[in-house]
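Before anything else, here is the set of structures, which you'll find just below.
What follows is a pair of complexes built around subunit A, which joins subunit B in one and subunit C in the other.
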Partner chain A sequence: MDAFVVIAVSVVTAIATLILISAGLAVIFGLMRVVNMAHGEFLMVGALTTTSLVLKLHVPWWLAMMAAPFVGGAIGGLMEILLISRIYQRHLVDTLLITFGISLIMFQLAVDIFGTTPPGIETPLGALTVGSYAFPAYTLVLLVSAVVMLLGLYLLFTRTKYGLLARATAQNPAMALALGVPAKRINFITFTLGCALASFGGAVLAPMISVSPSLGQAFVGQAFMTVVIAGPAFITGTLLSAILLGGVSNGLSQGLTTLWGLTGLFAMAIIILRFRPLGVSSSWKRGL
Partner chain B sequence: MTASMHGDDTLARDMALPVAIRSVQARNLTVFIAAVVLLVAAAQFASSTMALKLILWISFSICALSLDFVWGKAGIFSFGQNAVFGLGGYAYAVIALNFFPDSQETVSALLGAGLVGALSSALLGYFLFYGRLSDVYLSIVTLAVTLIIYTVLASTAGPEYHIGEALLGGFNGIPSLPGIAFPALFGIGGTELSIHQLLTFSILFTAAIYFSLHLLVRSRFGLMIEGLRSNELRMELLGYDIRKLKLIAFTIGGLIAGLGGGLFAAWGTFVNPSVFSLAQAATVVVWVMVGGRGSLLGAFIGVLIVQSAADAADLVITEQTPLLVGLLLVGVVMLMPDGIVPTLARWMKVGGHRPRELRARLREQGHAGAAADRRLSVADIAKHFGGVHVLRGITAAFGDHPIHAIIGPNGAGKSTFFNILTGRHRPDHGRVVLNGSDVSRVPTFQRCRQGLGIKMQVPCIFADLTVRENMQLAALISKDAQDIHQTLQRVGLSQRADEVARNLSHGEQQWLEIALLLVQNPSVLLLDEPGAGMSEEDKRQTIALIHSLSSQHTLIVVEHDMEFIRALSAPVLMLHQGIVFRAGTFDELVRDDAVIDAYLGRRSHAA
Partner chain C sequence: MSEKSKRVEFVKGSRAFNRRETLKLGLLGAASLAMPAVVRAEDPVLHVASLFDLTGNLNIYGIQEMNVSRYAIESINAAGGVLGKKLMLHEYDTQSKIELYSRYAQEVGANDQISAVVGCFTGASREAARPVLSRNKKLLFFPTIDEGGECDKYCFMQGTDCVQQEGPLLDWAIKNGGKKIYVVAADYIYGHVANAWTKSLAEAKGASLVGTEFIPLDVSDFSATIRRIQAAKPDVIMSNLVGNNHVAFYRQFAAAGLNKSIRIVSPVFGLGNEEKVLSPAEGAGIVVAYSYFEGLDNPENKAFLEGFRKKFPEAGVIADAPAQVWNGWHQWKMAVEAAGSTEIDKVVEALEKAAPFAGPAGPVRLDPQSHRNIQNVHLAQVTDKQSYEIIEKFEQVAPTREVVGAGTCDLTGKDKTSHRMINPKF
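So, the complex of A and B:
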């Protein structure tokens, strides 16, 4: 029984992690069809903001995490205005290359500012014990953050005016524009939101991982796979995709090694794509 | 080759080029060989440091060449070429460490690297292309694959991770590899090459790869992948299996990248996971972007420019390569999306469309389809999307009359029915029978090979290729190819054979598309709104063309232009609400009140 609880906690953590690292990417890709190659660097921005605030300014960890999305959002918004908004009309590969270039620039700047191995922060809240097993209580924060993130997104896109306009723009940009939707502003908000979400994800994960400028690279591959497998329904699809991929990879990691977990995640993703090239949610009727 | 040699060897005449162009090619070959000889000679004077740097750049160029081919020529945007390059490096390391102590040669390891590259690309390509991933997904997945290989290989630090004698070594990779060594034969070989020998070998090795690729690009296969990049849908409608074509192109790219990776490992005598890093993936793309995609020589120029710039920048601020590559990438995409070299070439007005020489393959002359073989029929076809039943049991036979027209008001199910005939949609129920064989579950490209010709509403042609190349592509895949020149004459385009197709007028593009079908001599021709967007004069010509075709083909015309239908004087099938509402002559239908009601959306008053 105790062992079961520990395994369950581990699986849930893996799923929550996937959600946290991919939600921002999913929003931008799902609504704008822009592949944000700099997504991993926004995770890194969030994590580094958190560790820096905690270590240098002694801000409480939860407050530091709340600040992270504002930093990431600001950088993302600037990037949208300066570069991305100018090339929406061009081929998809162009936005992909631009964001890729930005990803490299952000990485190198982070190395220049923080060094390759900046100090990390301790995992707050201590440990919970179940029988003879112990796991970090912070795991619950991860889980709650992932749930709040998805629920918040769902409410945002179903209950607000921005949400409605953003979905309309995604479905039929020409029509939305003809109806007077300020597509430019909507795209700006969506992109900024995606970058802010990524930074928040990175911030929440910061105490559990080794925070460094190359953090983005370590996670972005999994984030891309999760989003691709999710398909058009970028909230519920991401949830299902994270459950599938996170479940499989964590199961394999526990049974064998982390190496097998990653390989399993990748193999499973490729096999799903062979039969559902547009993702698991491609045949769902509702688009969220 | 002259046309008088064989009366029926017409494809040869259309595909061969004038002697003048051949002599140009002979001169180019001379220039190429002279350049290689010169490079090899010059290489002997390079300092050891310089020689080492050049070998590295050559191995990079091979990687760039592979992406240039895959992306620039075949239109497949892959972020994974450096992953294949890296796998080639690891393959070289593993093979060399296991066999070199006994065999004292590493040529097998170099070839093995190419083989591993080809196999890994083929495996990945199978999932990507047979799953029909669209291009964005393709780039994301290839990148994700690269990153995951990076993470996996970086975590193989323990002694338990080894392949034979080779310890994978985690983040540190595999050190102390033997360099390139030829097998001991005739008293030479058996030892590792010196730096200058390795440079000479690298130049010759790359020249061989470049030349093979050049020949490939100029071959039939080269034309096919150019067609793929230009218009995938039309390739499919001509009967090409585009999944297979892409897989082959991707595998060739993998072979080249793998060979480059092998050379890279032999150069540095080590290999580690950093070749799979994001920065490296981007760098390969930057090389090709800067050099210009689609020009094979551009790959070398791109590497030369970018790597020299990186080295120069390193003197000013050290170890800022990612920053530089990032800035270059952003700069090139924003300012010169076609690449630096092509942009400069355009300013200086060099280059342009070069005709290609294709020798005709000997083919058995097919015989024109007998009248009995020009039939398409459907039985009880039903199709629904979600809860909407678009087609509800359609039965019809085409072929007892040379021309058939299908009409119906908006929402009648015309397009869905057309897509069922072409194979784009599979029916939920019912059968489609082409010339006596059930094709209900047969994909589009195979239906086209079995004698179905499909003309789309919007002209679907290879806009980047010349009219002649368009026709060659159609003829190459056909079992029963007709004379290209005569076919062009039939549609009135014989004077424009060397024009690039995008320069044709809208009507001419429609006729070119029909010519593409005719050259394959299909038994049944499906025309979707052939008169759409045409002037009255163009429409009259199109109708005359359809009549002239009707003696040799069965034509099915989906159209809503009533004057067009009247002029066809063909039996009309009217669809309405997913069933065959009426069938008869045009005059019968226009006198039928129920038909008028259906078109006007009135409730029927005819019992």
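So, the complex of A and C:
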């Protein structure tokens, strides 16, 4: 029984982690069709902001995590104004190259500023004990953060004017423009939001992993996989995709070995793409 | 064609200096460049090279190794150079990419001036560069600790091997923790070979493995592993986890509160400054084994550190591998001076006969059969101040000549013309 509880917590945490690392990418890809190759680096920005604030300025960890999306959003917004907005209407594919270039620059800048192995912060909140097992209490924070993130996004895109206009711009950019939607401004907000979300994801994960400039590279593959499997519905699709991938991979890790977990993740992705080449949400009527 | 008519033709040709003539001249120039250094005017410097990752995700190791390489060359030069000549270091940034190791090894191989290389970090990078260097008669000193199997007359393994590290670690673990050992190891060749050694050494010492788990290098979620460890209830964990993702293991282990009841010993912890990445509370108590630690108290280490800090005041902690870079260059220098030349076979012979070099971790003496160093191994415990406290010293620990599951290497006997890697079997 106690083993079952611990396994369940671990599976749910894996799902929450996938949501946290991929939501930002999903928003930008879902609404702008821009593949942000620098996504991993925005995770890194969030994580490094958190560890730096905690270690250098002795800010409480939760406050530091709240600050992280503002740093990531600011960098993302600047990047959108200077580069993305100038090219993406005409040459969508070029955004791949541009964002990839930015990811390399951000990585190297981080190495120059923080060094290759900056000190991290330990996991707050201590351990919870269930029967003969103990697990980090902080995993519950991951869970709550993922839920809040998805719920917040859902409300943002269904209940606000920006959400409505952003969806309109995504569905039919020409028509939206003709109807007076300030598409440029909407795209700016969307891109900034995506980068801020990525940074928040990185920030929340920071106390569970080793935070370094190469952090992005470690997570970006899984984030891309989650988004591709999700398909056009970038909120509910991402949720389902994370449940499938995270559930299978962590379930297999628990039952067999970590290698099987990783193998299961890829096998699951291949199987889904075989039957739903455009993602799990490709046949859904309403795309959110 | 006689000499005379050739000259005439050249003069004739020079009136309208055509493409063919230009090509010939170019070839002539290239040929003279390719001549051995002796044929050309005597080169006033000796050329050597280092291949390290200054960029990319492996630069956590490469930058400091290159720093020490520069420092070693500079201090050898300051002391008069080698054979009365100054050394010139050719630096190659391999960008954490295996293909660049092959490419730069080709470049070094084609460069007749360069005679020796101290470089490479991972076993894979070494195996990309070593065969090329070896074929082109360039010496390679490899500074990283490794699992063994290298059997190349032109290659020297500076770091300690699994037996040199795990032997002392297991002795300590059994004495201070208990006999039930759980192994977590990175899922690639190093982890598997290290685990084979852990198993055979532990059984010989009367301990048992209560669990073994191999973790792929890109995994950083250890919740399943941590649950299994709690189910197996070991006394000690032997960690052969490698790389930045795996640092998360120690963090999650501590977050579950396990660091209070189970000791961790590791022959690889600290290679990437793990003791600084983890918080003081998370890292404290982990026991590691290396030849070199900054805290070693001896005059050689004091001088070594003083000079390094003067040149690189901001450069951070020196781990074992960078210190081995220093040993490598000095062992090479001693051998070249004993041989009186940089001619590779003479230098190798001199290396195999060389007296011990007094390095910052104590004397290092080459074992001619294995081309590995007999050296001091120190056990250290991570303190609650993110540093190491030396807890035990093992003098002049010998490397193994055995390759797991695949026989032995004897570079002065049956393998004296060998230029290969013996693949371990497990």
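The rule is short, and it goes like this: the second predicted complex is superposed on the first by the 287 of 288 C-alpha atoms of A that agree within 3 Å, B and C clash if a C-alpha of one lies under 4 Å from a C-alpha of the other, contacts with A are read in each partner's own complex, and residues count from 1 in each chain.
The working rule: a residue touches a chain if its C-beta (ideal position, glycine included) is under 8 Å from a C-beta of that chain, and two chains touch if they have at least 3 such contacts.
Note that the coordinates shown come from a computational prediction; the quantities given were computed from them, not determined experimentally.
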item	value
Combined model on subunit A: subunit C and subunit B, fit or clash	clash
First, second, both or neither for A:Leu164, with subunit B first and subunit C second	neither
First, second, both or neither for A:Ile271, with subunit B first and subunit C second	first
A:Leu179 touches, of subunit B and subunit C: first, second, both or neither?	neither
First (subunit B), second (subunit C), both or neither touched by A:Ser210	second
Which superposed partner A:Gly120 touches (first subunit B, second subunit C, both, neither)	second
Touched partner set for A:Ala218, first subunit B, second subunit C, both or neither	both
Partner chain(s) touched by A:Leu57 [first = subunit B, second = subunit C, both, neither]	neither
Which of subunit B and subunit C A:Leu262 touches, first, second, both or neither	both
First, second, both or neither for A:Ala8, with subunit B first and subunit C second	neither
Doubly contacted residues of subunit A, that is, touched by subunit B and again by subunit C	108, 217-218, 221, 258-259, 262
Parts of subunit A lying in touch with subunit C, wherever the complex brings them together	3, 6-7, 9-10, 13-14, 17, 108, 111, 115-123, 126-127, 129, 132-136, 138-139, 207-212, 214-215, 217-218, 221, 250, 253-254, 257-259, 261-262
Subunit A residues within the subunit B interface of the complex	33, 35, 37, 40, 83, 86-87, 90, 92-94, 96-98, 100-105, 107-109, 112, 216-218, 220-222, 224-225, 227-228, 258-259, 262-263, 265-266, 269-271, 273-275, 277-278, 285
Contact set on subunit B toward subunit A in their complex	77, 124, 127-128, 130-137, 139-141, 143-148, 150-152, 155-156, 277-279, 282, 285, 289, 320-323, 325-330, 333-334, 337, 386
Of all residues in subunit C, those that touch subunit A in their complex	55, 57, 59-60, 63, 187, 213-216, 218-227, 230-231, 244-245, 247-248, 251-252, 254-258, 272-274, 276-279, 281-282, 316, 386
